[in-house]
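Next up, some structures in structure tokens.
Both complexes below contain subunit A, partnered by subunit B and then by subunit C.
Presenting the complex of A and B:
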């Protein structure tokens, strides 16, 4: 091994920073999964009957399904009866204001750099924080309310805005969609709900922060964002979890609906615990994210920076139904040590003159395996549809892998498709060049990797772009070998 | 004390011995030209001095300011004042020239006990140097060498050298691929940096560069050894008669 490689390994060998556990009293229901558990979850949340029925339909359907095996990831069989499906921080009563949130929980978010109160005061980013299964506080509510914007926990939305939930829940990801989405539909515990009324431009970034704290717990959150005609919203989700030896399942569902002329920008910085250097522990991140451009001229952009999780399996997708609608997917996925990622997007062109852009940057280091899987489908009626896809892979060292599976289905001959793909190795030549100019190895690696990801980072809101860059350098510490 | 002293240097790349006993002394203020046919080991010598991985020194020593150069890492050598202008400058996509250069400059300045430059001071300095090399400030926002023409890359190397203020500039075939106008600009840039505290080693295949940057000494490298040394007249002889003249003379001297 050359000196360069040794140094690279040192740089990439950094520890997971967010791995602490918070000791608070948890309100848990028994382990395992059956109809009673589903009923219990629903009862805990005082849900109206429509919600319970929906959950039960999903659960019964789930029993008929097989766990998928087509992804390019390996993991031991999951015992679905060995998981707690509901775990909530014990609170005397539902907090009415942020001041009533358990101080231990607030301390946890403080450690993560997300002080709910500070956020509200200083940054102008509205945060909904989900701790294990329930939402513990939504900041900025008052101000948003004045504009008619609804931003609250999913549980609250079910109780306070049942008509909206009924209308849109499952309209993009039906309860029968796929194994993990169906499981989520049966047992989801909380998540965020956003509704932006007609013609309103949401004046701040909306943000959810997810945290898995309890052990042996699955986190099944559900997010639904509806942008009514001519509205705009930018939404950010961030995630961390403590370090634990066992694997924890995270099976979320995100549904986006953009009506005519509406725009939704959804950004994710995912940093779930990836497991240790030997590949022990870490989060299984099996997520279904899909947006529907339901109206004409609507637009949905997914931007994701995926640095965490032992296994990531997600394909944020766009259904381009409205004429002239636009779908975008910008992704950076990092796999280091024994992490595996099978991620990409689906762009389904239905309306006329629909356009989609895919920019995927995969970085593999250590023994990491990084797979891009993308589908671009142009339906018969999608006259004049266009797609641009670019998939670049960067390899650090020679034990990691990058795989690209682009699928294309075209049923309309007027479609225009452009596809570019590259695979490069982080060059010893590039490193030598930087070092010969006096730049340290560590700075050089960061610089080269950030340059590689630039197209994606520039899509993130400013403050999160900075955060993403930092995360990237941390998760690559100790990588080429 | 000489700036650089190379004594009986042997080096190999991937089991192949390429440098077979180089001796060379360079004092501050001097300009040395190293000439020789393709494959004679000129770039290898430059890379060994810069400390590149996979270039293994098998015997001999190199002193820089009286200290063992071979003990230092690549970036330490750079910060101590060794600058290599690359024969083939590499592209770093997505990293702007400005960011790259500012990071490098501040790393070097920090090592030398100087204050780091802020964005304003950096811009003022780099724009002044760019004028000298007739470079458009727009280059600062482009990726490092990304889509640059051959001539632009070479000018960019000299710009970096001007910014980093080295004591020893190693220029590897800086003239190759340049049209006559670019060659003059690059040579002017180098000449402007000549000073009593700074030395240059110009590696070149052709004598053309030496018409614009006048060397104090000329050495002919062939088969991993310096066969003969002289002043700038030697370069002119080489131009007229070709390398066969020196190489052949040496071949006779050792009785082949």
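Presenting the complex of A and C:
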């Protein structure tokens, strides 16, 4: 047993695959945070006055707020004046086509397996690539435009579709929402914007790839997806960062708006640098993600695979406002070494006959601490609301922890809700069964873990499902005793 | 209002009390003054506001009324008085005339705490305050500050009590809002066995702030029934702390049926291998009642088991809170723990907040918890109605069945039957005879 463990530990020791740094000329603004910085960021992006006002409102509000402390994660205090809030690769002029994007950056994305140029022809997934603070290229734009779909970087949207941005920005996550969302509202640099017009089914997966490259920077991006009546979109998000000893802050905001009969499917594979084996370095992933089912019969589905980040702290939520709307949350969160995760979801039932499903799978190994924290709130008017929650935790190793904190608030007697949670380790009899049939312990563990997560993986789009499974086995190898 | 507690504290000081007690009381009032009443900004009190308690003035009940309280009155008010030993308290004061301590096996010490403070000071000093923590719990600190009365039960090694010990706490202020701070201490030595029935009843508006401590020695088996049937304008706060030694078994049945505002904090520490805890609970409220059950099972050592089942029935505009925490400490391997909270909402205005928590720091464990909330199954109601049972009765039968799951787990037959009758009567006003 110990020998196998050692062998497995060696594999776990595998370096983080995406930990390289691209050396590139950067355009940075001075360190620190004050009103001038906010104005500077806004000026850099040639934003219309309404955006600057919004940013300043957020910044002034942020000054009155206190950093929250209720979470089940521990980290040293962040010095918000010791961060570069804007860092962009230098570009002479705005690239007109992908071929004009800096070759260094294209190379970076190639290394990450996202070839901006080839992507168009090969995979049929439209990608918006965000490098540090700005979006460097968006593929498939032309084809999408024919259908009326807007898929572009956030800065572009602010300039070209100010009405849409004005209407929906902050409608789900207001600038005063929480400490990190407010900070983001003040200093966000870029992100993706998607608008699917009425009755359009987006013909391909849309995807954003986030890459942190520069050191001592924070990444603050903002994604806004609006699905107009009767439309459908599936959106993927992926992220990586270089290996560094310092902790970097990533405070993003994602807002989804689904109008009547619209459907949004949002999938994340989060693989920020998790820090080394001693827990040094890594990304603080403090993200606010929220979707609003504004119209009747709308549906928002969150799927997330969280394997990276030193600390993950996020609750992709659904506000089920329209009658008969549906919210779903599928999550696999893995914490190994000294990673910490406090993640879950909030399902706010407001409309009649709203339904929500929560399936959360937590895996803790090494010294990892994994917390599921979720809220199911059924308001008085939510006649016939239905919720099903399932939270399972798998423990590997005797130093890790798995915690479940579900909050359930029910104000309507016709509501039906069920919450179930289990915590256990991998069954020795299951392992024995596999080994007895000639399957190595390592493969057996992989198989069992994959089976444990299957319910969530099957919700992922094909491209991601394969990646997620691979990611999971790398994250966990060597953690079984 | 804090000042009025301070004044009451000073008036109630007894210079003849043992030194350790005076120190404890002093520490208690200081702690309470520092903490103040909890508020809803605290995670532990997120769903329960104690404003109604904090904003009122309560008087410590005098012992003069004790003599006026008769046997008839006791029988009228008490839920069920079974034959066997009992201690009766009125407004926190021991009522010797109504108490019956005959027929206890040799070596068993069962007496009022006031008496024990004179006779068993060493044992009290060693055990009082060890099972509950008053560090951040204002109500425990407040109870400490007024630590004077209550009950003391000592079971020597290997004693098996044939009959349950009944503790009856009656509050009856005759118009004044009284407050009592009863403290119960049970010290069960190795291999002893006992059943304890705590009953809280009363009339009018008053405040009971009870603390119960149980130290279960090696292999001790303790069954603890807590019956809270306070008047519907009363406030009831109870903190129960249990510490379990090797192979001990603790079973709790907690029934919350009365009070305008009731809060139970029940915590058990499984402090040695092989210990087991079973926590059963039923809360049944209506009108504008508010009931809050917090349980905390601390798996401190390996090879312990726990099982928990709490059921709630909420009618009218009542509010229910359940917060069940299971903590498995880093080395508590081979822990097995199950927790379930089921709620039935009978009206549109009732509200339930439930929070089953698992906090697990060991890997070789089996833990699960579940919570359900719903109303009566329309199919089941239809089934009964199709067989000629009217809708109201059909609903009562189904609600009764939901509740009796928990009641049926109690072994004390007369009490169980009395409870079943009471629940049925509550569900079917006027049809008690048929039960």
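Convention: the second predicted complex is superposed on the first by the 466 of 481 C-alpha atoms of A that agree within 3 Å, B and C clash if a C-alpha of one lies under 4 Å from a C-alpha of the other, contacts with A are read in each partner's own complex, and residues count from 1 in each chain.
By our rule, contacts are C-beta pairs under 8 Å (C-beta built on N, C-alpha and C of every residue); 3 or more make two chains touch, one makes a residue touch a chain.
Treat the numbers as computed from the prediction; the structure is a model and nothing was measured.
Taking subunit A as the reference, the larger set of touched residues comes from C, when subunit B and subunit C are compared.
Of the two partner chains, subunit B is the only one that A:441 touches; subunit C does not reach it. Judged by the touch definition given at the top, the superposed model places A:421 against subunit C, while subunit B stays out of reach.
In the superposed model, A:454 lies in contact with subunit B only, and not with subunit C. Once the two complexes are overlaid on the shared chain, A:433 sits against subunit B while remaining clear of subunit C.
Shared interface residues of subunit A (contacting subunit B in one complex, subunit C in the other): none. Remark: subunit A residues 2-4, 427-430, 432-441, 443, 447-448, 450-455 touch subunit B in the complex.
Residue ranges on subunit C touching subunit A, taken from their complex, read 43, 330-331, 333, 343, 345-348, 350-375. Residues of subunit B touching subunit A in their complex: 50, 52-54, 73-75, 78-79, 83-84, 86, 89-90, 92-95, 99-100, 103-104, 107-108, 111, 143, 160, 164. On the side of subunit A, the complex with subunit C involves touching residues 70, 380, 393, 395-425, 481.
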